[in-house]
Every structure is written in structure tokens, then in C-alpha cells.
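Pasting the structures in now, so scroll down.
You will see two complexes here that share subunit A, one where it goes with subunit B and one where it goes with subunit C.
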Partner chain A sequence: MTNPVIECQNVWHIYGGSVTAVQDVSLKIYPGEIIGIIGQNGSGKTTLVKHFNGLLKPTKGKVLVNGRDTGPMRVQELSASVGYVFQNPNHQLFARTVEAELEFGPRNLGLPEDEVIDRREKAIEFFGLEPLRHSHPYRIGFPLRKLVGMASVYTMRPAVFILDEPTTGQDNVTTRIVYRLIHRLRDEGSTVLCVAHDMILLAEVVERMVVMRDSLLIADARPREVFSDRALMGSTHLLPPQITELTLRLKEQGKLPQVSLSVSESLDVFAPLFGGKSEGGQA
Partner chain B sequence: MSGEKPILEIKDLTFTYAGAETPALKNINLQIFEGEYVALLGLNGSGKTTLQLCINAVIPHMIMGDMEGSVTVQDLDTAEYPTRELAKIVGVVFDNPEFQLSQMSVAEEIALGLENLGVAVEEMNPIIHEVLDIVGLSGLGDRSPFELSGGQQQRLSIAAALAMRPQILVMDEPTSNVDPIGKEEVFAVAAKLNRERKMTVIMAEHEVEVMAAYANRIIVMDHGEVILNGTPTEVFSQLDVLEKAGLRVPQVTEMAYRLEHDRSAHWNSVYPVTTEEAFQRIAPLFGGKHD
Partner chain C sequence: MRGVVIPISMVPGNSVIHRISPLPKLLLAGCVLVLSFSTRNPAILGALIVLGMVMVSVANIWKPFLRVMAILFPILLTLITLQSIAPAFPRPWTPIVSMGPFTIYQEGIYSGVTMVERATSMTIFALAAIMTTHPSDLFASLQKIGMPYVLNFILTMTLQLIPILQKEFTTVLSAQKSRGLKGTGFAAVLPSMVPVFVGAIERVQQLSISLESRAFGSSGAKTSYRSVKVSWVDYLLMLLTTFGTCGLLYWIITDPSLDWSRTLIFAPWLAITLFTLATIGFLIFVIIAIRVVLRA
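For the complex of A and B:
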């Protein structure tokens, strides 16, 4: 079996010697996994993922990245393999133009200049930043600034990509760019950790969900199982996507064997009820 | 609602920010009636915020630009009354709570607006108690606003707006910076004010499933224009128009639309917009037991 790319061994994080943010979390993340990390603000999810790129070190326990203990490692050493896109892009952006921002990472990795420019251009195209290439990152609106934050991490092509609330404040068009990013990262074999409250996004893109509550990891399962567990969802005040809620109500009445995670999935289930084509689905 | 007088009337409104080449709002005509819960949908930059700034008279008094047409709130033409006067009728809650909180305590935050209105100090306490009670923050008057959770901060912003006794509450993506518990809290308070106090609510929001459940009217903006205006069922049924404008519809509406259009299914009724509506349509089709 492949080795985990990230492994937490009984990780604790206690801020200022008194505030326990993460309690005894053990977790293995394998290369290529797409994982959602959910829970309320203050549940410990951001604290947990900040251990993966060395921004935080455990108070107790160990975090291994590619088998190496992060304890003695610096953020700079880890940033080539673990990219972290902050929830607030202001914590991350510093260059004077979007172009310069997108060149910084690859140049810092020591890549040749033509590769630096190539990565910059690919990121501009993928994230739709062409009209903003000469703008100062702080002079563009918050949602687009977040895309610049994602783009700048993408230029580094880290093996592990951590997205913290990527769709917060985004409208449907920019949210779609986030979907495409996660799909592309999956196709490229990257490991993606997505900390999010956006259940529609998670239901459609992740294969595994880690649920945090009050500094504890309380569940680690497939999204279909997590969303079907009303007690679990209720205890974290999270609501499943509307289509999942609908199919969950039908499942609870014994009418459906399992919930749907997306509208597309639900079409296969419902089409036959209305004399429509099931298109070889699961109906 | 015919015959009734609108609480807000917008006529032929066009607004261009100073220095901008194209108008941010183009020929807007709207009538909003007392007690309505109106959701404003549109992409970032479609004109939702500009429209809200016209309703509370920040435009044209505090933001430079070229305004044509008129905005009338409770018979007051906003061009003729200062923003301060309109604040008694239109309360505003922005997307980022920290943006509008500045005081040392929750109570002072509310007192600030009252002071600006010239309310005597001895009259403030009962008002502060009342509005904190409405938003569920009783007993937190002495706390620092910055110790509150995101949801509590937004409810404080609502309380501060309520202290001015507005009849219209304008909210600009009030939950975009709060977590799911906070979202629930903010939506619940807005719904309660609308239901129990006939407060007119005008909320810009991206979460279409939530707006389908709460709003009685949906107004869709695209490139500065109102492109759709109707009940949630009327508006969300126009899925093709909304998609062209880059917007989504509630998942259950998309499901029904795609069953008809992509799967030759016979939905044979209006599209659902809420989970409950979809459930009522679908559950009986399975036969057997249903409750």
C-alpha cells in the first residue's frame, strides 16, 4: 500500500498553554485523495490543516509530511510540497501586480525563467485573470483577490493543495472556477484538502469527509454517509445540499436506498417516476 | 397588492459612478410594498450594492456620480432628504460585520446611532434592551463587539439598525462572512422581523436555496439591469435566463427542469423551489406507504 502523504499521530494543539484547538487527532491522508474538512468556526479545522504546511507545530503528537516529521522543518521547506490557500487572501498576497504575484512562487522554487512565465500565463488563463494581470492585488475585489491567492499557490504545483473556504463570498461564476480547479488538481494527481462550509461544493467534489467538532475529529467517512447521518450533521449545525436533503427524506421513508449528492445523480433516480429516461443510471 | 401604495418606488433610475464609462444601474423601475421580503440576486458587480446604496440615500448624497430618475422611500424623494433622515426609515446591514462595528461595548454600538438621531441618554436604555432582545443578544450589552461570533456580530449590526426604528431593512450579503450557525441565526432574525413586525426586508444574497425558502419576491440583476422580478417560483422557473446571467437556481428546481428538458420526463406542474415542494410532488409517486 502507498504511504500516506500526510499523517497525524495523536496531534494536539493548545494555543497559549490554555486553549485547546485540536485534541488527539490521528489521520492518514493518501496521495490523490480529495478530502473535505468540515465543522463550525472554532471547531479546530483551520488549526489542524495549518499543521500540514508547518505554519503550526503540534503541542503534542507528530505530523509527518511524506514521512518526515514537520517538527524541525521550516514553512519554506514544506511550501514546495504543501500549498496553502488562505481563507483571507490578504494574509498571502504581497506583490505589486497580479503578474508579479504569480511569478514569485515558481521563481522562488528556482525554476528557469521560461518555466516561470509559462506557469504564470497558464494560471492567468485558467483563473480568468487576464483583465487584472497588471492590477495591484489589493485594488481588486475580495472574491477575485481570492482567485489570485489560489492562482499563486497553483503556480507552485504543490503535491498537496489546501483550500481554506475557497467559495466564501464568491458568486456562481467564480465558484465554478473553484470547481474546475479541484477537478484539474484531481486529474493531475494532486492531493486536495478543502476546508469549507459550502456543502454543495463538497458533495460534488470530495470523496472523503473529515468532521471536526469542539477540537475533536468526530467523523471520517464518505460524503454519502456523512450527509445521511442527521445526528452527526445536526451536532455540527451543518445542512446537506437541498437535493441531498430531499433524497434523505425519501430514504428515511424507505422509498430510496441511498441519498443523491448532486442534481445529476438525482435525475437517474427520479426520471423513471415521471416517464423519463434513466440513462442507464441506478434507478 | 394593486391599489396599495409602495413603501419604496424606483422610477427610471440610472446611475453612473463619477469617472466610470458605463452606468452601474440602467433604467431601474421597481415598486416594493410594506412587509415584502425581497431577495436581490446577481453576480458580484451586477449592481446589487449600488441599488441598495440608492435606497438608503448614500447615493446621491455621499457618493459622487450622475443620477437620473427617482427613488422614493415612504413618500420621501431621496435626492431631497439627507442620508441621516433616511436612516430612520431604511436600516442597513453590510456583508462584513467588522466594517460597521467600532465601539467598546455592544450597548455603545447601538447608542451611537441613537446619539446621531439626538435621542436623550435616559431614553436609550429601554431601546437598547428591546433591540438586543429582538435579535437574541440580551445580556451581552457590556461585551466588546469584537468578542462576539460572526453571527452575533451580524445580529448586533441588525440591532443597531433596528434601534433607529426603520421600516425597511436593507442587507447586503449579511451572511457571506459568517459560519453556518451564524447564517442560520441571521436568516432567522430577518425572517422573524419580516413575519412578526411586517418589516420590509431587501436582502442581496447568493444562497438561492435559502432565498427560495424565505423571500416572497426575487429580483435578478445583470449588468446593472433588472432582468427578472417575480415570486421565487416565477423567477427560478426561468432557469435558462438565470444561467445566461451566470446564476444558479435551487437544486430541486434544476432537477425538475432537467428532468423535463434532458430526460423527456413529464413533470406536469410548476417547478418546486423548496425541499418541501419537491417532496410533496415526488413522494406519492413511489406508491406504498407515505406520510
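For the complex of A and C:
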């Protein structure tokens, strides 16, 4: 059995001694998993993931990263293993050019110059930042700035990648890049934790969902199970993607055999309804 | 980062000081300012400090107050060090002891101590007023005493932006640490300062657009969402503050014996101790500040 890359052991976090943000959370995250963390605003999602790279230390309990207790570890030390992309790119970017921004992380890791350049170039190519490489990060639009923020962590190649609301404020083009990023990270064997309200994104890319409500971890299951659980979704005031809701209702009426998570997947499910053949979801 | 954040903003509470209208508090802070600059008598300045401490105690704001003073006081201590060797005082100066090229003067110690007392007393009352007053109440009160609307708005917005920027700085620092930022002098601070300043400038730009779109520049009388009620107790306090200040001022001006600059003689051991403690205090502060910045 593979060892978990991140393990929470009865983690509590209480802000200022009075506001409980995370209560008794136990969780194991294994290498290569793509996990979505959902819940209403203020449910404790961000507080929980900030423990994974040492930005927060548990008030009670333990967080282990690669088997090591994060308690005595510094954020800078953990940043080599756990990358955190902040929701607001403005909090991360400071350099004069996109290129310099992408080099900042690898340089902090003490990598040799050719490796820094290689990682920078690969990130520029993957995120489509070629025309912006000499631009000032603050002079480019918000969606692209957000991509620069992601690219700046991508160049650090952490084993665990935490994305906080990666698609908020993104247009369709940059959202597709986020999808591709998550798929590529999965292919490269990275672990991805995605804190998001974008249920369409999560339904399409994640394999496991952790649901938070009022500082408690209330569910840890596959997306299909989470989205199909009306009581659970209702209690968190979250809505599944429209296609999932539609197929769920049809399934409840006995017209469909299963719930779909995406439009392409639903084509297979709908095919018998319209007397057609399944096309293996390759629509 | 909590250690370097200066929490100059309202501390919620329900003490007597919190409940008093902002006007007497502002008046008191203003009067202390006048009194502090009117005298160099260490006993009067010391009494003002004690009175300020009582106010802080009653308001129960010791923790945030001490957090500010922990940063300000060591800086103030440099006044003793600098004044001891170069007094801002008419000559002749009375030397106490010589240490290499530096000579510690009697007048310098006196000047340094009173300057520290002066700055401390003003700071205590100003902090007590700010920490126990809602920014909007401060705004309404200043408007009531005739402060121009725009100036008043600038002051209040500045006070409200301080905690926002402090929070922003903490977030930005977290983001940079997450990217492996290591402490190596000023270069380590730069990645955090740039986003905070850019964020602040963007915020101000957005704020100005938002203000204009809500008719900020329109003419006519301005009203406030929060109204400040001034009770008879507040009037009584203002009256007492005014009379007290006038009385003290009269005493300070008319009684030349209050000038202790030539009569208060610091024993050499006391002068050296004060000089050494002030210098050590400041150096410790500088070392801690550098360590905090580097650790960031």
C-alpha cells in the first residue's frame, strides 16, 4: 500500500482561540490523486489546505507531509513538496516580467540556472505565455495574470499542487488551460487538490471529493456519489452541474440508468433514450 | 508576521472610554498635545503618562496598546541616546562622563528623558482615542467640530485602510513563502512589498471611481450614516478637560520653578545607566526587527 503524501490526524484549527475553522479532520491523500474540496464560503476549505504547506499549523492534531510532521517545518521548506496557487494572483506576483516571475520559485529552490531556464520555457509553452514573456505581470489582464500565478508555482514542480479557486474570474479560453493543467499534472503523477465552487470543473476532472461544512469534514467520496446525494448537497447549499442535475432527476424517474458528470459522458447515457447507440462518450 | 503588524485601529469593547463620545477623547488628545509641548517638566509629563495609562486600563486595550508601544518605545529611546551626546538645549552643557569621542551631558539626559515622556504621553492619548472610537464616529465627530469634509474623509479612510493593508501584507507574505521565499535581506521583503503597494494603489483607484460614481464631489451639506450623540456627561468632560488644561497651562507659564533643566541633576551612574539602557533597548529592537524581516 502506498504511503499517503498528506495525512491529517484529527486536525483542529481555532483562530484567535475562539473561532473554530477546522474541527477534528482526519484525511489521507495519496500520490497522484486529483481531489476536489468543496463547501460553502467559511466552511473551512482554505483553512484546511493551508495546513498542507505549513501556512497554518494545527491547533490540535497533526498534519504529515510525506510522513513528516509539518509542526516544526517552515513554509519555505514545504514549498518544494507542496505548491499553493493563491486565489488572487495579485498576492503572488511582483517581478518586472513574466519570465522573472516564473524563475522566482525555482531559484528559491536553489536549482541550477539551466534547469531554471528549462522549467521557465516549458511553463511559458504550456500556459501559452509566449507573447507575454517580457510583459509586466500587472499590465496583463486578470485571467492571464492568474495563469502566470499558476505557472509560477508549476515551475517549482511540487509533488502536491493546491489550486485555490483556479477558474474564478477566468474566461473560457483560460478555463480550458486550467483543465489541461490539471490533466497534465495528473499525467505527470502529481497530486492535485482543487478548492473550488466550480462544480463543472470538479465534475470533469476530480476523482475524489472532500466536502466541508461548518468546519467539519462531512463527506469524502467519488464525485458521482457526492452529486447524487441530495441530502448532502442540500446541507451544503451547493448545486451539482446542470447536466448532473438533469440526469439525476431522470434517473430518479427511472428513465436513465446512471448519473452523468459531463455533457460528453451524458451522450452515452442518453443514447438508449433516443434509440441510438452509445458512442463511448467521444462526442 | 503578527509580531510586526501595528494594530492602529479600533479595538471593540464596551468600556466607559468606548462609550464616551469621540469629541471629549479628541479634545483630551489635543490638550495633551498642547500640554506636552508646553512643558519640559518630567513630573508633569510623567503624570500625563500615568493618566493615559489609567485611560488605557479602563478601556481594557492593554494588549493592542502594548503591541504598538513595543515597536514605538524602542525607537523613542534613541532620543535619550542621541540627546545625551548632542542635546537640543542652549549651551553651556554640563558633561557627566566621556566615552571616547562622545560626552554625555546632563542637559542631554534631561532633554532625552523629557522628549521620550512627551512623545509617549501624546502617543498614549492618541492611541487610546483611536482604539476606542469607531472610525465612522470619529468622522462624524470631526465633521461636527468643523473639519473640512474632504480632509476628514481622507483621515478616516486612512485609518480604515490600515487594518486592510495589514491583512493584505500577511496574505502576500504567505503567498511568497509558498513559493519558497527565503530571507536574505531587503531582497526578501521586496516580493511582499510590491504586491501590497500595487494592491493599495489599485484599491485607491477603484475607491476613487467608486466614490465619484456615488457623488462624492457633489456640493451641499453632507450627512453621516452614524450620528454622534453628545450627552451632558460628554459636555462636562470637555469642560473639565478645557479648564484643567487652561489651569495647567497657566501654572506652567507663570511658575518658572517648573523648569528643572538646571536643577535636576542626574547622578553619573543614573545618567550612564539611562544612556546604556536606551542604547541597548534600541539595539535589541533593531536586531529583533532584522530577524523578523529575515525570517519573513
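The working rule: the second predicted complex is superposed on the first by the 278 of 283 C-alpha atoms of A that agree within 3 Å, B and C clash if a C-alpha of one lies under 4 Å from a C-alpha of the other, contacts with A are read in each partner's own complex, and residues count from 1 in each chain.
Following the convention adopted for this analysis, a residue touches a chain if its C-beta (ideal position, glycine included) is under 8 Å from a C-beta of that chain, and two chains touch if they have at least 3 such contacts.
For clarity, every value in this text was computed on a predicted model and none was experimentally measured.
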item: Partner chain in contact with A:P58 - subunit B first, subunit C second, else both or neither; value: neither
item: Which of subunit B and subunit C A:Q40 touches, first, second, both or neither; value: first
item: Touched partner set for A:P4, first subunit B, second subunit C, both or neither; value: neither
item: Subunit B versus subunit C as contact partner of A:P166, first or second or both or neither; value: neither
item: Contacts of A:P241 with subunit B and subunit C, given as first, second, both or neither; value: first
item: Winner by number of subunit A residues touched, once subunit B and subunit C are compared; value: B
item: Which superposed partner A:P223 touches (first subunit B, second subunit C, both, neither); value: neither
item: Subunit B versus subunit C as contact partner of A:L267, first or second or both or neither; value: first
item: Partner chain(s) touched by A:R249 [first = subunit B, second = subunit C, both, neither]; value: first
item: Complex interface listing, subunit A residues touching subunit B; value: 40-42, 141, 143, 168-174, 197, 200, 237-239, 241-243, 245-246, 249-250, 253-255, 263, 266-267, 270-271, 273-279
item: Residue ranges of subunit C in contact with subunit A within the complex; value: 168, 171-172, 174-182, 190-195, 198-199, 202
item: Touch list for subunit A against partner subunit C, complex; value: 50, 53, 55, 74-76, 79-80, 83-84, 86, 88, 90-95, 104-105, 108-109, 138, 152-153, 156
item: In the complex, subunit B residues that touch subunit A; value: 42-45, 95, 149-150, 173, 176-182, 184, 206, 209, 246-248, 250-252, 254-255, 258-259, 262-268, 275, 278-279, 282-283, 285-286, 288-291
